[in-house]
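Take a look at the structures listed below.
Below are two complexes that have chain A in common, paired first with chain B and then with chain C.
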Partner chain A sequence: MKKWLRENLFRSYLDGVVTLVSAALAIWILTQLWNFVFVTGRWEIIQVNLKLLLVGRFPEESMWLVGLSMISLAFFIGLAAGSLRSTGLKSRKVTEIAIDVTRRFGLLLLLAAAIIYLAGTLDALLAGLQVFAALAVGRLLGGLKTTITWLKPIPKALWLALWALLPIASIGFTLSVASLEEWGGFLINFYIAIVSIVLCFPLGILLALGRRSSFPVVRLLSTTYIELIRGAPLFVLLLLAGVALEFFIPPEIAPDVIFRSVTVFTLFTGAYLAEIIRGGLQSIPKGQTEAGKALGLSTVKIIYLITLPQALRNVIPAQIGQFISLFKDTTLAGAALSVFEVLNIGKAITKQDDFLGQGMIYESLAFVALLFWVGSFVMSRESQRLEKKLGVGVR
Partner chain B sequence: MNDKAFADATLLSGGRQASDAIVTMKSVVKRFKDFEALKGIDFAVGRQEVVVIIGPSGSGKSTLIRCINRLEQHDEGSIVVDGTELTNDIRNIQEIRKETGMVFQSFNLFPHLTVLTNVAIGPRQVRNLPKVEAERIARELLERVKIPEQADKFPAQLSGGQQQRVAIARALAMKPKVMLFDEPTSALDPEMINEVLDAIKELANEGMTMVVVTHEMGFAREVADRVIFMADGEIVEVGTPEQIFDSPKEERTKKFLSQIL
Partner chain C sequence: MRKLSAISAAMLASALVLSGCATSNDTGSTATDTGSSSTNSDSSSSSTTAAESSVLESVLAAGAVRCGTRDALPGFAVLQDSGEHVGFDSDFCRAIAAAVFGDADAVEMVDLETADRFTALQSGAVDVLVRNTTWTATRDGAEAATFLHPNFYDGQGMMVASNSGFDSISDMNGAIVCVAKGTTTEGNAALESSRLGLGWEVRSFDETDLILEAFIAGQCDGWSSDVSQLTGFRSAYPDGPNALKILPEVFSKEPLAPAVLDGDTQWAQIVNWAVLATIQAEEFGITSANVDSIRSSTEDVGILRFLGAEVPGSDGSAVLDPGLGLPTDFAYQIVKQVGNYGEIFERHLTPLGLERGVNALWTDGGLMYAPPYR
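What follows is the complex of A and B.
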């Protein structure tokens, strides 16, 4: 212990000073944070407006739909995670599983627990448990060897289509019961992000391939598109989507703001993703393509069997980074298009009669930030795991 | 090139006629910008013949065999493989690539696929065989190159020699009529060279038609029906291994052999 301290924290006078100063700083920040969270913070503003922040003015009688879509999403995520482990279910001790789950999803669980505690209803607790159970059941099913053989005959393309359709269908479904004015909150940030991610991914791939294409017209179009979009601030594009469409489409049938935000986020992130994927494609040695050609594989097969899978895997960190920033940027849709998303609500609730002029903006913003931070953190950690898992046998 | 050299280059070993050739090149020229890599090559390979190409680096050996399956596009002359002429028609190119297997200096295995999938990918994706059948062929070939136990590993988990043998199996899985080897042992550690050369020798003994670019002179002497010496984009001398290695006629051949032997 003493030796470790000397070797790592107090190797020289300068080291010692740096250590002491950082320690003091850390302690000060932590006490301030502790103070804010447990002493001075007045969290009743969150407690009272919890439902508004999370799902907007979603009709009470249709809340089960939100639960259902969360549960099915959790189930599918579990199934995917389970089937990624091609080795099947390993018999592990319960304690090992518990440690693993806590390490990976501890923060998420903590946040869920905090929200359920704030909600203070039995329904919230039950919903939380159901989502967790769905995730666990999906994971177990996905890990079973028998399930894998049973699922194998389903072509990959169908799987992909299913994946793409799931969030879009659940949006349509949700919209059929709750009107746009009623629907909002963090749920809308989440949905805009998920749908945009699902849609921008193929767009990014097509644009990346287009920019490397040997057809000059395709190359020119892709390059122009990518450079135009990347040259414009996202906020400006969102504002444009709010007004410019009126030039072309009569206001009565103009698409709603959510549709517009999804479109802008998809087109915007697609351009960035294209450059990331193009970078990945460039990192694949020429020999890979040549080996494919020498075997007689067609150009299309060389791309989707050989270069693209390797390229996508090489750029997982950058792709996830882009998705994380898309997730957080959904708050811009509130400011630019008045989408009733969580940040908009977070600001609005401080103007309620009960809380007006009491400086509640800290609590409100802190809660919004926490939601995004936990989401981003889990995404980032899971991407690192995915990277490791897919990296089997590489160099 | 004079008439005598032309006749030598296109004459197949064992006094067979050029009509028996599976690969024929006539006055093939290949340029990289201003640099002429092949300066009018006349060349033929007979069925079941093993042709070894030697020569200093930069002499156009690799370019020559890469023209045969269109990894490089020749600028002038004609190349005919198994009766199909290489033109810009993509169908012709695909047809020829199906009939020619290539083994590269740097293996070029697909790192994201298992060894078995690497070998099965040709039959499965090009010949459209059912997965079970493709994998059966792959296992058989892995057996033949003596690494059946590595089937489920990834290429990076194998030694260089093993990887190159997988690459040979991958090319063979297409049941090619000609095998092209582009310096197959140049990237290997010395102790692994022999296992690869042995695999190639075995193929030669089984009657596979092969064109091999190599710096392994002992191997060339042992396995070749014909040795071709290239320098500066031209075929300088052609002959049996004995003729080339024991009594070379051309000055450049003599100089090259004295440098490396």
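What follows is the complex of A and C.
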């Protein structure tokens, strides 16, 4: 212990000073934070407006649909995670599993616990438990796919696609009951991010391939698109989508602000993703393509079998970085398009009669930041795991 | 081979998600298709006379008034935890809906940023703007807005700490004045400073809560904003309202009025009369509580006309239809469902500590005056 301290923290006088100063600073920051969270912070503003912050004006009587779509989404995510494992269910000790889960999702669980505590109702607790149960059941079921023999021959693609119908159906059903305009809060940030991520991924791949294509027209178009979109600030594009579109398309036909923001986020992130994926493609030695040609593979097959899988694997950190950035940028849609999203609500609730002029903006911004921080952190940690599993930087 | 299946899995999944979106798009577009086909037929018939395509018709077709508002202005429009907008301006949005549909809830509140509000009006994203907007000549002219009867006469003032020793704006030599960013407040303060030669340092903040913090920390000598806003923040001040005082000078005129797009006089008159009806109702002494009994018992011809009740005449009884394009009982619906001007004021602005002042009825020496309803 003493030796460790000496070697790592107090090796020289300068080291000692630096250690003491930073320790003092850390303690000061931590006490301030502790004070804010547990002593001075008045969290009733979050408590009272919790539903508004999380799901916006979603009709009370259809709230169970939000729960349903969350549960089915959690189930699918668990299932996908389970079935994509090549090893199947390993018999591990319960304690090991617990430690692993805590390390990976501890923050998420803590946040969920905090929200349930703030909501203070049995329904919230039940909903939270159901979501986690769905995740666990999905994970187990996904694991079975790789162990049960008669399930093995089913192609993974078909298997996943079939189960993907579940969340899609439940979200579609939710949409049919409560129109998109009634969605709001963090839910809308989440869905804008998810839908944009799913849509921009194929777009990015196509653009990246297009920019490397040997057809001049395709190359020119892709390059022009990428450079045009990357050249404009996201905020400007969002403002344009909100303001300019209405002058070209009659307001009765013009899609609502959520469609607009999804479109802008998809187009924008697609352009960035294209350059990231192109970077990955660039890193694959030319010899591999030539080897593919020598084997008589078609260009399409060379791309899908040889270059693209490696390229995508190599650029996981940059891709996830782009997705995290997209997730956080959804708040810009609130500022530019007045989407009823969590930051807008967080700012608006401080003007309610009970909280007016009491400097409650800190509590409300802290809560909004926490939601995004936990989301981004979990995404980042999971991407690191994925990298490790795929052996990025090892081979 | 595994890679191929993994990739095809990913592609299939994304294709599925895409098709899921597409199907939901389809249902959405079929819905809008039917909607747009009907509007298309409307617009094709009226496309030759585009200027005549009436806002009232489109509002009636949509089933709700789209009211441009905001979500965070104490007393005027605040987002409640139930997700509803509550406030003085919000009630005027409801009054317009009550006038058009006889249902005060047939309104869709559209939150607008200060910078977007006129664009939203011009592009037709909202039917009417009741968003604490000052009526100015430039906005009337260059922004293609038609301003109607103001629902609140405001003015910019200055709030200081009670123990600051300032009794008048002219005492505040070289003071630091804090204001909210992006409003006319900023420019007004600078203008007033140079007019009086006081050399203020005007500091702008994004959030009023930040002004409050700066004010408490003593970084601001004065806090300048519309008096209605200052009163609200004074009433909620952590050290009690008496720790602050609002100086007597009001150095700008801010008539806050609803606005509609230029070019549709009928719609402008509808919105105008929705506001005027609340004022007239107060003058008649009709409130949401007594409107029913007054309607059934009164013999005052003016009130009967106003409430859309049958008025006995020489040639039988008749209901007055002023030809505004509204149901004849629109004033009754407004008063019944939203209230008269005084009620709306007391509901939202009196709790902030605001006096009626110039917003009193003309009979009490204020500016609220409705043309005769006949």
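By definition in this document, the second predicted complex is superposed on the first by the 360 of 395 C-alpha atoms of A that agree within 3 Å, B and C clash if a C-alpha of one lies under 4 Å from a C-alpha of the other, contacts with A are read in each partner's own complex, and residues count from 1 in each chain.
Definition applied: a contact is a pair of C-beta atoms (placed from the backbone, for glycine too) under 8 Å apart; a residue touches a chain by one contact, two chains touch by 3 or more.
Predicted model, so just to flag it, every value in this text is computed and none were measured.
**Q** Aligned on chain A, chain B and chain C: do they clash or fit?
**A** Superposition check on chain A shows chain B and chain C fit without a clash.
**Q** What is the contact status of A:298 with respect to chain B (first) and chain C (second): first, second, both, or neither?
**A** First partner only, chain B.
**Q** A:93 contacts which: chain B (first), chain C (second), both, neither?
**A** neither
**Q** Please compute the chain B to chain A to chain C angle from C-alpha centroids in the superposed arrangement, rounded to the nearest 10 degrees.
**A** The three centres form an angle at chain A of 140 degrees.
**Q** Of the two partner chains, chain B (first) and chain C (second), which one does A:290 touch, if any: first, second, both, or neither?
**A** A:290 contacts chain B only, not chain C.
**Q** Under the stated touch criterion, which partner chain does A:335 make contact with: chain B (first), chain C (second), both, or neither?
**A** The answer is second: A:335 touches chain C but not chain B.
**Q** Where does A:2 make contact in the superposed view: on chain B (first), on chain C (second), on both, or on neither?
**A** Once the two structures are laid over each other on A, A:2 reaches no partner at all.
**Q** Who does A:243 touch here: chain B (first), chain C (second), both, or neither?
**A** Touch partner of A:243: chain C, not chain B.
**Q** By residue count, is chain A touched more by chain B or by chain C?
**A** Ranking chain B and chain C by residues of chain A touched puts C first.
**Q** Tell me the contact category for A:309 with respect to chain B and chain C: first, second, both or neither.
**A** So A:309 meets both chain B and chain C here.
**Q** Look at the superposition and give the distance in whole angstrom between the closest pair of CA atoms, one from chain B and one from chain C.
**A** Superposition on chain A places chain B and chain C at a least C-alpha distance of 5 Å.
**Q** For chain A, what residues appear in both contact lists, the one with chain B and the one with chain C?
**A** The overlap between the chain B and chain C interfaces on chain A comprises residues 305, 309.
**Q** Help me check something: in the complex, which residues belonging to chain B touch chain A?
**A** 69-71, 94, 97-98, 100-102, 104, 106, 108-112, 121-122, 125-126, 153-157, 167, 170-171, 174
**Q** Can you check the complex and tell me which residues of chain A touch chain B?
**A** Per the touch definition, chain A meets chain B at residues 285, 287-288, 290-291, 293-298, 301, 305-306, 309-310, 313, 392-395.
**Q** Which part of chain C faces chain A closely enough to touch in the complex?
**A** For chain C paired with chain A, touching residues are 2-9, 11-14, 16-18, 20-21, 23-24, 27, 32, 35-36, 39, 43, 58, 71-74, 78-83, 110-113, 116, 119, 123-125, 207-210, 212-213, 216, 232-233, 235-238, 351.
**Q** For a test of understanding, state which residues of chain A touch chain C in their complex under the given definition.
**A** Touching chain C from chain A are residues 48-49, 51-52, 56-57, 84, 86, 155-158, 160-161, 164-165, 168, 171-172, 175-176, 184, 195, 198-199, 201-202, 242-243, 246-247, 250-253, 304-305, 308-309, 335, 338, 340, 344-345, 347-353, 356-362.
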